[in-house]
Structures are given as structure tokens and as C-alpha cells.
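The two complexes that follow have subunit A in common; it is paired with subunit B in the first and with subunit C in the second.
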Partner chain A sequence: MAKVILTPTQTPTLFLEAENITPDVFAGKNAAEIAALHGFVGKTTVTLGDYFTVEGAGGQTAADTTVVINGDVSRVKYIGMKMSAGELIVNGNADMYVGGWMTGGRLTVNGDIEAFAGLGMTGGELIVNGNAGNYLGAAYRGDWRGMQGGEIRVSGNAGSDVGTFMRGGTIVVGGNIDVHVGTHMEGGTIIVKGDAKSRVGGQMVKGTIYVYGDIDVMMPGFQYRNDADLEVDGDNGRFALYEGDMGERHPKRKGEVIYGQLYMKY
Partner chain B sequence: MTDYLIKNGFVYDPILGINGDKVDVAIKDGKMADAGDVTNPTIIDATGMTVMAAGVDVHAHVAGPKVNTGRNFRPEDKLFNGTAGSGIKRMEGGFSVPTVFRTAYLYARMGFGFSMEAAMPPLYARHTHEEIRDTPIIDQGALPVFGNNWFVLEYLKENEIENTAAYIAWLLNQTKGYGIKCVNPGGTESWGWGLNCETVDDVVPYFDVTPRQIVSGLIEANEYLGLPHCMHVHGNGLGEPGNYEITLDTLKIAEGFKPQNDFGRDVVLHNTHLQFHCYGGESYSSKFFESKSKEVVDYINSVDNISYDLGVVTLDETTTMTADGPFEHHLSHMNNLKWANTDVELETGSGVVPFIYNPKTFIAGAQWAVGLECGLFIKDPMRAYITTDAPNAGPLCRYPRVYKWLMSAKARDDMLDNTLKYGDRIRERCYIGELDREISLYELAMMTRAGPAKTLGLGHMFGSLKPGLEGDVAVYPYNPETDTDDPEKIEYAFGNAAYLIKGGKLIVKEGEIVDMGNKRTFWVNATVNDNPMVERDISEKFRRYYTVTQNNYAVEGHHYVPNPYVIEVDATK
Partner chain C sequence: MAKIVTDVVCPFCGTLCDDLEVALSDDGEEILEVYNACAIGAAKFLHSQAKDRLTRPRMKQEDGSWKEVTYDEAADYTANLLVDAKKPLMYGWSSTNCTAQSTGSEIGEEVGACMDNTATVCHGSTLIAVQDVGVPSATLGEIANRADRVVFWGCNPAHAHPRHMSRYSIYPRGFFTGKGSKSRKMIVVDPRNTDTAKMADVHVQLEQGRDYELLSAIRVAIRGEKLPDVVAGIPKEQIYEIADTLKSGRFTAIFFGMGVTHSLGKNHNIDIAIMVTRDLNDYTKAAIVAMRGHYNVTGSGQVWGWEFGFPFCLDLTRGFARYNPGDSSSNDLLIRDEVDAVFVLGSDPGAHFPVGSVKKIAKLPSVCIDPHITPTSAVSKLHVPVAFVGVEVGGCAYRMDNVPIETRKVVEPPEGMLTDDEFLQLVLTRVRELKGAA
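Moving on to the complex of A and B:
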């Protein structure tokens, strides 16, 4: 597998928008060609070479291209945007929109990331060995098509509005989560292994949320159904099942009304 | 001013009876001229290309509060769909609800010179005019909506035509409006009471007036004033299966009315987006739904005083917006997407909902078929105009695609066989499969410029290359002798004009926008006899009901309409 190594050489004064940092765009290009790819800082157009040294070369296709960023890119946005295959590893912190609209491949960040990661994602794996920001796996502003497939794993905490308008796929948060989880959710699974604050599953239509820890304030639109012994993401436990959000419309399947499901671990 | 001579093109002008002949087209001092009258003109070589008068759009929603609500609540409409500014062009963006600049550039690229904003809420006329002002290149007018206006409802209940006309004249002046638009007559007001109008004889609560009285009274008032455009109606029951009956009932109200105007207009009623009003059956399911386009267009073919536009569904993700508030509410409950609604005090209402016409569903494909049928059944194409009710049935940028479908049976078959999931079912439930008519370039010129110009009362300015008319000419990279092999060439050519000259100025040169033109706002100043009663009613309504004063209502000329073109109408008799 061909490997491209990017090493940051300077921190952008504003923010670098670098949607070209993906295995898809790097595939078939040598180091010089990659360094010549454009990015934006404010309204000016820059090149990746202005901000990184580039070593190695892309493979023939995205699938046989690995991109490694060695260093802090906490002022670089859109890393891995729309990537469809291959591998991207960030050894450092990254800014917003990591893996936005990704459709495949594996993106690993060994560090913290900012908001809007995995936005509208339809496939692939996004692994964050650190903390994530707000709107993880959510929909773009205004859109009703949030995360639709693939998997997001965050080892640390996540911010607010995770999984807004989520329709499919799985989000696993190892730590705690801020307010508004799975708002308007229409499918998919969110697993929170730590605590949640409030507004979990607000206006949820379908889909499943598991919370291992506490929820400070429960939504009033959820009703207790029953207890269940389950294995969730390799963890066994007893859960209380709540269904909701009763304030929202719900579809029927085979004559039965389908609700959003919220499991709380005892 | 530079004179132009466009040489060697295939020219189509139904007003002059030119059908693809190679004739030279000349522009002198901003106006069309005889080729012999220009001296030292700049020559435009149109060899192998199609030359027509610039397009005239009779109905589109491109400026005003509804459109802006669409822009505001659909940021995703601009996602991955923006273009940075370059040359004299500003940044542009948006697909179904484009920015004002993209709207102007789109029209220019499609070779259009005039567009009528189809629904202006009078109270928000200032906003509408600010957007019109900021949309460069094209000339525009706007139709204020009257069909649910309290003054109109009260006057027409008593059949007071003179008072209705006096109020209309006052409102056109105040809003710098062009003519009379009527949306879901009585229905939007009824919805304020939780009801709607489902027949033309349903009574509007409190006001005690019917859609029949409103439509008939507005036609009569329109002809009393002698306005350039006719009464422009979006009838009751839009989008409802079985609505073709109420459509026919509405159209029949025009029987007996004759056009009275000095502008060469032949019709008294324009039925907009006819596609949405030609449905049979009792539901959207393929078991019940059926096209009634033939029945409705047959009726229109049998009379001579009605025109319409198509409102073709383009099978895109778009943004619907109309003063038909109840319809938008209904739509939001069908697709569960976001919904915006406004009640415009005393005057009208409106709603906005994103909508996906999905080719994998029967109904969207059937709607697509009905719209095209409306264009293919017409006997006199001077009375049927191509629109998408932009952006309701499809975005503005899709006009050239609609031309392709109308001009090529092969392109339609390709849709039915390969793109639409229920193509065969649609052939059974609609007429599309029986229609092999292909609209010619000559007919296209009728349906996109000559016809709409005439119905708007602008035939003396637009829609033809006749000497003396405005110097508005479009040149398309389409060779009618050699490009007939592939329908895609139609779509490409009519979306990428090689040249556009507007008011004698070269706007598009070799496919590039090179000039922002001299944008004008058209409005109609109708003079009526003094009418103290209507004046008193107006000040009374402002005192008692409006949240603004009369002084804060009017569109004051200079700021909002910096470059007006006023059409004077004298109705003092």
C-alpha cells in the first residue's frame, strides 16, 4: 500500500480548508503534485505545500493509498472530506469537518477533533482516539440527511447535538456526551458509555440510543416499556427500555407503530 | 451605442413568420432594425446557430420574501453548489433557490431578457423590489396577489367592479406592481378559519364570497382597467387528485369575457402551472390517479381567450413556495420535511416546503408526464408557455431540459424506459405514451418568447425581432440541420447561449457574461376616476387593521425601483 506522509510546517493564521487531503485525491499523484493541490485560507487560495512537507506518493487508487499526517492540524478543516476508500491517519488534533460526507475507508485521529465530524457520512469508519466536538455524525445545517451509514468511534467525550437527523450507521462514544443526542433521529444507533446531560432523543422518530451512565434530565416524551438483558458493543448488562418521542409522528410497520428506543443501563 | 448585425444564423420568429431561414438580424440604437439601416455594425457570426428574440418568462418565483425564506431555511441548497466570482460576475450559489446573481446569470445563459415574478405579497412589495433591483441584466415585473385580499373580497361580494378596479389601480401604484395575480381564490383566507375552497362555489367564511365571484370579478376589473396583462390565476385545489373539474369550472368563468386593452393581448385569463391542475382520480396511487391534461387542454383549445403555462415537474429536489398556504401545509404533512408559513395581514399568506420529485415514485413520474402533455396537446402554441413554476415543479436552470423533453419523443421514451421506475404504469395512467408530437423550434419560439410577451401585453417590446422592438436577441449554439441526432444537444444549447443582446447591449459574448446590462423594473400606472369611497376604505383599513401606516406601506420609487419602466393605462374613460 502506498503511503503519503504530510508534516505540518506552519500553523495557518486563520484556518486552512483542506478538502483535498483524502486518499481519493492523493491517489495517482506524486509528492510534488500533492504539494501543488489547492486549499483555502480565508478568501485566498493556497497550496498544501505551503503548509506541509509531502513525502511518498499516492497509490493507483484510493483503496491502496494511506495518508498520514504527523503533527498538529487543529487549524485545518475538512480532512478526509468525501473519502471513499483507503486509510487516513492523523497523529495530532484536527479541526472541524473531519470525515464529513465520507462514504468508505478508514479515518483515524489520534487526538481531539472539533465539530461536524462525520457529517452526513454514509459509510466507512471514523475512529477518534480522543474527544469529539459538537454535531458528530449529524446533518449539515438545514439538511435532514444526517449520518446514514458506517461507524464512528470516539474513545473520549463528545459534544452536543451528536447524531442530529441520524438515519443509519453507528456512533459509539466511550466517555460522556453533552446535550441533544439523536435529535430528529430516524434510524441508526448511538451508544454512550458514559453520562448524558439532557434532551436525549428529542423528536426522535426511529433508531436506538443506549446510555450506560446517567441522564441528568429525561425527555418527557419517553415512556418506560420493559427491562431487557442485552449485549451491546461487547458489554453485557440489564437495560430499561423507554420509547419515544411521543410528541413526534411515528411510522407503522406491519400494523405496529415504530418508536425511537432509548435503553438506559442499570 | 454599438449597432449589431447578426449574420448567417437560422432565425426563428413566429411574429414575422420566419421559420429557420438564414436572415440577418440587426440592432440599431438599442432597438431591432432593418439590416439595411445599420452602418458600421459589430458583426456577430451566427453560422450554424439558432437566433431568436430573447426569452420572456411569464411566471417564476425569483424575488421576494418567499424566495428568501427558501434561501434562509435551506442552507443545504447551496452545499457544494457555489461558484466564486470571476471577471465582472459576483459569487453565485444555490440550486432551487439561487442567489439574485445566479438568477440573473441563469436567465442570461438561457437567453432570456424578461421575467415576471409571479407572486408579490403587497405588504412585502418593498422586499420584492429590493431583490428585483439587485438582480442584474434582466427586466422584471411583479404581480401582486389579490385573490384573498380583504378589500377585494368585500367589494366582490357585492359585485362592485368599479371599486375593485379603483383599489387594484391604487395597489399597483403603491406596490409598483404589474398586474393581477390570484392564488387559490378565497381558499387561503378560508384556511385562516381552518377551511379551504374545494369548489368554485364554496363560500369563504365571514366574507361570504365564492371563488367564482372572485375570479369573475377580477377578470372584469382587469378589463375595466385595460391592464396590459390579463388576470393570472393559480386556481383552487392545486395538486389534488380529481382537481381537473374545479380547473374546468374556473376556466369556464372566463366565457363571455373579451379582452379590452391597447396592448395587443388576446386573452382574459392566464392559468398558471396547468400541470398541477389536471389531475383525475381520487388519490396519488397508480390505481386511482390519472392524467386529465387532454380534457383540460381540449377545453382551452375550444376557446380563444385563455392562455396557460405548463409548470413541468423536472424530477429534482427543489423548494416549493406559494401563496397557497393550505397547500404547503398539506405538503409538509406528506413529506415530513421542514415547513415555513406566513400570514400576510389582510392580504394573503404563504408557505415554503422542500420537496423531492423522486423518479422512483409513480406520482412524480406521472406529474412529469402531465406537465409535458399540457405542452403537447396545445393547438395554438401562442397560448401555452413553458415554465416549471420555478422553483415549485423544478428549478429555473431546468428550462432547457424541459425543451428537450418537449422537442424529442426519443428523450421522453428514454425517461419512460430508463429513468422512471413506473414508466409503463405512467403510460397507462397518462397520455404521454400516445403523444409523438415534437415541438419545433418555431413553436418553441412561440412558447418561450412571442406568446408570453403577447399575453403580458409586451408584444410591442419583446418576443420578436421586428424592427422597432427592444434590441433583445439570443443566439444558441444549436444547428437545426445537423444537431437533431441527439436530444442532449437541445438541453446544452438552450442553457448555454453563445450570445445575448439585451436592450442593444452585448451581455453574453461567446458564452461568457460580459455586461450587467441596464436592468429595468416594469410596473403599471393605471389612472382611474377619483373614488372617495375606496380612498376612505383604504385609510380606514390602515387605521383599524394594518400594523403599518399607509406612509410606511408604499414602495417609494427611487430606493426600491431605481430604474423603472412605467406603462401608463388610462381607465378614466
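Moving on to the complex of A and C:
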């Protein structure tokens, strides 16, 4: 597999918008061509070479291209946006929109990321060995389609509005999570291994949320159904099943109303 | 005999009262008295008459003192600042007319600015919610004539929109509301016992920051589903009662303000309040209206809506409009050091923004266009005083219910003073010259 290594040489004074940093764009290009790819700082057009040294070259296709960023890119937006295949590894922190609208491949960040990661993603894996910000796997403003497929895994904590308008795929948060989890959720799975604060599953239509820790304030529209012994993401445990949000519309399947499901671990 | 100007529009709050009368001196140059306005509205007119008012632009000098400059010099400085910056922020746009807002958009487009209005610290969350789930709304006129259930949620019109209740929502005798306030049931939802709450038939004193839960509970109650015993500090019996009251009216109007737009959950609170309104439409007619603050913040959203497709938090840096509050919102831009110049017109972020953001404004090249001396003008490098819109120049403004109203010119501005639009035209011309030369 061909490898491209980007090493940051300077911190952007404002922010660098670099949606060109994906295996898809790097495929079929040598180091010089990659360094000549454009990015934006405010209204000025810059090149990736202005901010990174580039070593190696892309493979023939995205699928056989690995991109490694060695260093802090916490002032760089849109890393891995719309990537469809191959691998992207960030050894450092990254800013907003990491893996936004990605459709495939694997994106790993060994560090913290900011808001809007995995927005509307439809496939692939986004792995964050660190903390994530708000709107993880959510929908872009005004869109009714949040994450629709693939998997997001965050080892640390996540911010608010995780999985808003989510319709498919899985989000796993190893740590705690802020308010508004799975708001307007229409499908998919969110697993929170730590604590949640409040507004879990508000306006939820369908889909499944697991919370291992506590929820400070439950939504009033969730009703207890039964207990269940389950294996969730490799962990065994006894869960209480709640269904809701009773204030929201719900579809019927074979004459039965389908609700959103919230499992809380004992 | 004083000269009386009638049908004057008040350029202060989003109620945009259009029934003011202003008494002028015989020569028609001075405002003597303002009739029909509330105290804050009248003060705005009388303020324009201050004798010590600033009438020329001024630049801050190295030693912190101010030096008077001409409007042309001020326009040149402003144009250069905007053209030189990589990512200028052009903020405000709420206390001015739609013409100036539109000229501002042209400048913003030319210089690739981030443009934002006061909705960002006010009803921006409402705009996000409306984009997410739509909005069943009505004009204030319709509400005055029809509404028999009126809810004020997280707002205090007794102080913030003083004539709202008398003109539109509670007291007027309308076509189907002939008994005025007796035809209406008034419900106030507020954790505080405000002056508005004191007037209500029902005051729902919920726990602070639990609006989303209570609104959700009302939806559950409307559907006749089971509720926990207490939600947001309110017993379930009362929640079922509220749901029944709202369902049983002929027309329910819900007004909401900053108590829900900027408490925990922000846009989600409005989103679910809109859903309550929508649910109610299965049983009766219901509408929801935001209590917009500045008299023409609504217009700013309208102008940008039709010009760029988004009502606030515009990022035009890349030559097309992008919009994502949280990224392109002015406070985030300032706190994250994402902009390198600040232009303010028709707002006072110095007074309304968090201290962290204001400190950033103070450090950046900045210009403030405002008739008043404000906390913002104090930290700016250039202060350009302009004529008062709605007093010294007319122009279109949008009321909180999105009804456009043409404001009126009542008196002349002081000799030689420009209006915002005239100054912006100078800036636009200069920007085009600079860009042509580049």
C-alpha cells in the first residue's frame, strides 16, 4: 500500500481548510503534485506545500493509498472529508469536520477532534483515540439525514448533539457524553459507555441507544418496558429497556408501532 | 403650534409599532415630544436630539485619543481594512434598514467576508430550528383578531416589548376577540416571577433549563400518553391541564424569547416548541412567533435569506455562501482567532458579546458604524457616526412576524452627516477601486 506522509511545518494564523487531504485526492499523485494541491485560508488560496512537507506518493487508487499526518493539525478543517476508501491516520489533534460525509475507508485520529466530525457519513470507520466535540455523526444544518452508515468510535468523551437526525450506522463513545444524544434519531445505534447528562433520545422516532452509566435527567416521553440480558459491543450486562419518545410520531410495521429504544445498564 | 407627524414607526424593538405621533418644533427641525410610544421607544427618538452628539467620523490615535476625519477618509480606511484582511468579520446589521443591509451584502461579497447579525446571540437558534423542522406561524394582526390562548414562553414582553400585549397579543379587541383580554387565556412559562408572569392567568414556574423536557411532556400529554409524576418541577396533572387548555382554544399563539433560545439546548428548545405547535394543529389552529429583539434583525435575515439563502452566520470567504453556526458564527470566529478584522454596523457586540470575544475585537483592526458612542465604538480603531434610521432616514424594516414596514423620516440629520447606506456606498465604491487596482 502506497503511503504519503504529511508533516506540518507551520501553524496557520487563521484556519486552513484542507478538504483535499484524503486518500481519494492523493491517489495517483506524487509528492510534488500533492504539495501543489490547494487549500484555503480565509479568502486566500494556498497550497498544501505551504503548510506541510510531503513524503511518498499516493497509490493507484484511494483503496491502496495511506495518508499519515504526523503532527498537530488542530487549526486544519475538513481532513478526510468525503473520503471513500484507503486509510488516513492523524497523529495529533484535528479541527472541525474530520471525516465529514465519508463513505468508506478508515480514518484514525490519535488525538482530540473538534465539532462536526462524521457529519452525514454513510460508510467507513472513523476512530478517535481521544475526545470528540459536538455534532459527532449528526446532520449538517438543515439536513434531515445525519449519519447513515459506517462506524464512529471515540475512546474518550464526546460533546453535545451526537447523532442528531441519525438514520443508520453505529457511534460508540467510550467516555461521557454531553446533552442531546440521538435527537430526532430515525435509526442506527449509539452506545455511551460512560454517563449522559440529559435529553437522551428526545424526539426520537426509531433506533437504539445504550447508556452504561447514569442519565441525570430522563426524557419524560420514555416508558419502561422490561429488563434484558444483552451483549453490547463485546460487553455483557443486564439492561432496562425504555421506549419512546412518546411525544413523537412513530411508524408502524406489521400493525405494530415502532418506538425508539433506550437501554440503560444496571 | 407644534407640527405633528403621524403614523411614525418606532425603530427600537421587533414590535415595530406603526402608530406613533411625533411633535416637532415650528421649523420642523427638533423633536419635542413622542406620543403613543413606550418609554424605551420614545427615548430612542429623544436620544437623537442630544446636543453633544458625535457628527463626524473619528480615528483612534496611538495615544488613545480620537482625531476627527472626513467620511471619505473613513470610507478609505474601512475599504482597505476589508480588502487587506484574509477573513474579515462584518457583524451587526440589526438596527438599520434593509437597503443598508443589502449594500452591506454587496461589500461582503466583494471582500469575501464572514457576515453575521445579532441573531447569533439572540434568535439564531430559532432560525436553526425553523430550518430543521419548518414553522407554522401567523402575523401579529391575525393573532390580535383570533388568538384566544396566548403563551409567553421564556420571554418578558412587559419589559422587552412593552406595547406587544396592548397592540397585538392580550388586550386588543379583535374581530373574534371582542372582549379583549377577557377573550384570551394567558399562560406564561418562566422560572422567574416576571412582571409578565404576574399578569398571567396561569404562570408555569418550571425549573431553570428544563424547557425542553416540559415541552416534550406537553407533546406526550397532547397524545394522551403516560407521564412521570413530575417534569421540570411541574406536576403531571398541571401538564395535562396545559395540554387541554391549548387544544381546546380556537386559536393558540405561542410567543417565545431569549429564555429558551439561549438556555440549555438552544435550537432544540425551539425545535420542540414548533413541534408542539404543529401537534396542536391536529386539534385547533396554532401558530408560533419569535419575540425578535432589535427592530430590524428580522429584516437582516430576510435580506440575506433572499440574497444568500441563509439568514445569519454567513461565510462568503470562498466566493459562495456557506452557513454553519458553531463554525461560522461570530463568537466562535472571534474566540477561535479565525478572523483578522472586524466591521460592526447597527449593533453593540461590545455590550452583548462575552468578554473573551470583545477582547479579540479590541486587538484587531476594527471599525464601528453607529450613531451612539458605545462599548464597541470605544474599542474600535475607527468610529463612524451615522444618521438614525427611522428618525432621520426612512427605509424598510421587518417586524418580528416577518411583515415588512416602511419606517419614516421625521427630522433631518445634523448638517453633513451621512446615513449608513450612504457611507456603505462610499465604502463599496472604494472597495471596487482597490480591487480593480489589485
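The rule is simple: the second predicted complex is superposed on the first by the 266 of 266 C-alpha atoms of A that agree within 3 Å, B and C clash if a C-alpha of one lies under 4 Å from a C-alpha of the other, contacts with A are read in each partner's own complex, and residues count from 1 in each chain.
We take it that a residue touches a chain if its C-beta (ideal position, glycine included) is under 8 Å from a C-beta of that chain, and two chains touch if they have at least 3 such contacts.
Quick caveat: nothing in here was measured; it's all calculated off a predicted structure.
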Which of subunit B and subunit C A:D245 touches, first, second, both or neither: second
Touching partner for A:A228 - first (subunit B), second (subunit C), both, neither: neither
Touched partner set for A:Q203, first subunit B, second subunit C, both or neither: second
Which of subunit B and subunit C A:M1 touches, first, second, both or neither: neither
Touching partner for A:M219 - first (subunit B), second (subunit C), both, neither: second
First, second, both or neither for A:V41, with subunit B first and subunit C second: second
Comparison of subunit B and subunit C by subunit A residues contacted: C
Which superposed partner A:R141 touches (first subunit B, second subunit C, both, neither): both
Common ground on subunit A, meaning residues reached by subunit C in one complex and by subunit B in the other: 140-142, 144
Touch list for subunit A against partner subunit B, complex: 140-144, 249
Touch list for subunit C against partner subunit A, complex: 85-87, 111-112, 128, 131-132, 210, 212-213, 216-220, 222-223, 225-228, 231, 264-265, 268, 271-272, 275, 279, 317-319, 323-327, 336-340
Subunit A-touching residues of subunit B, taken from the complex the two chains share: 73-77, 79, 336-338
Residue ranges of subunit A touching subunit C (in the complex, touch as defined): 13-15, 17, 40-44, 77, 96, 115-116, 134-135, 140-142, 144, 179-180, 183-184, 198-199, 202-203, 217-221, 223, 245-248
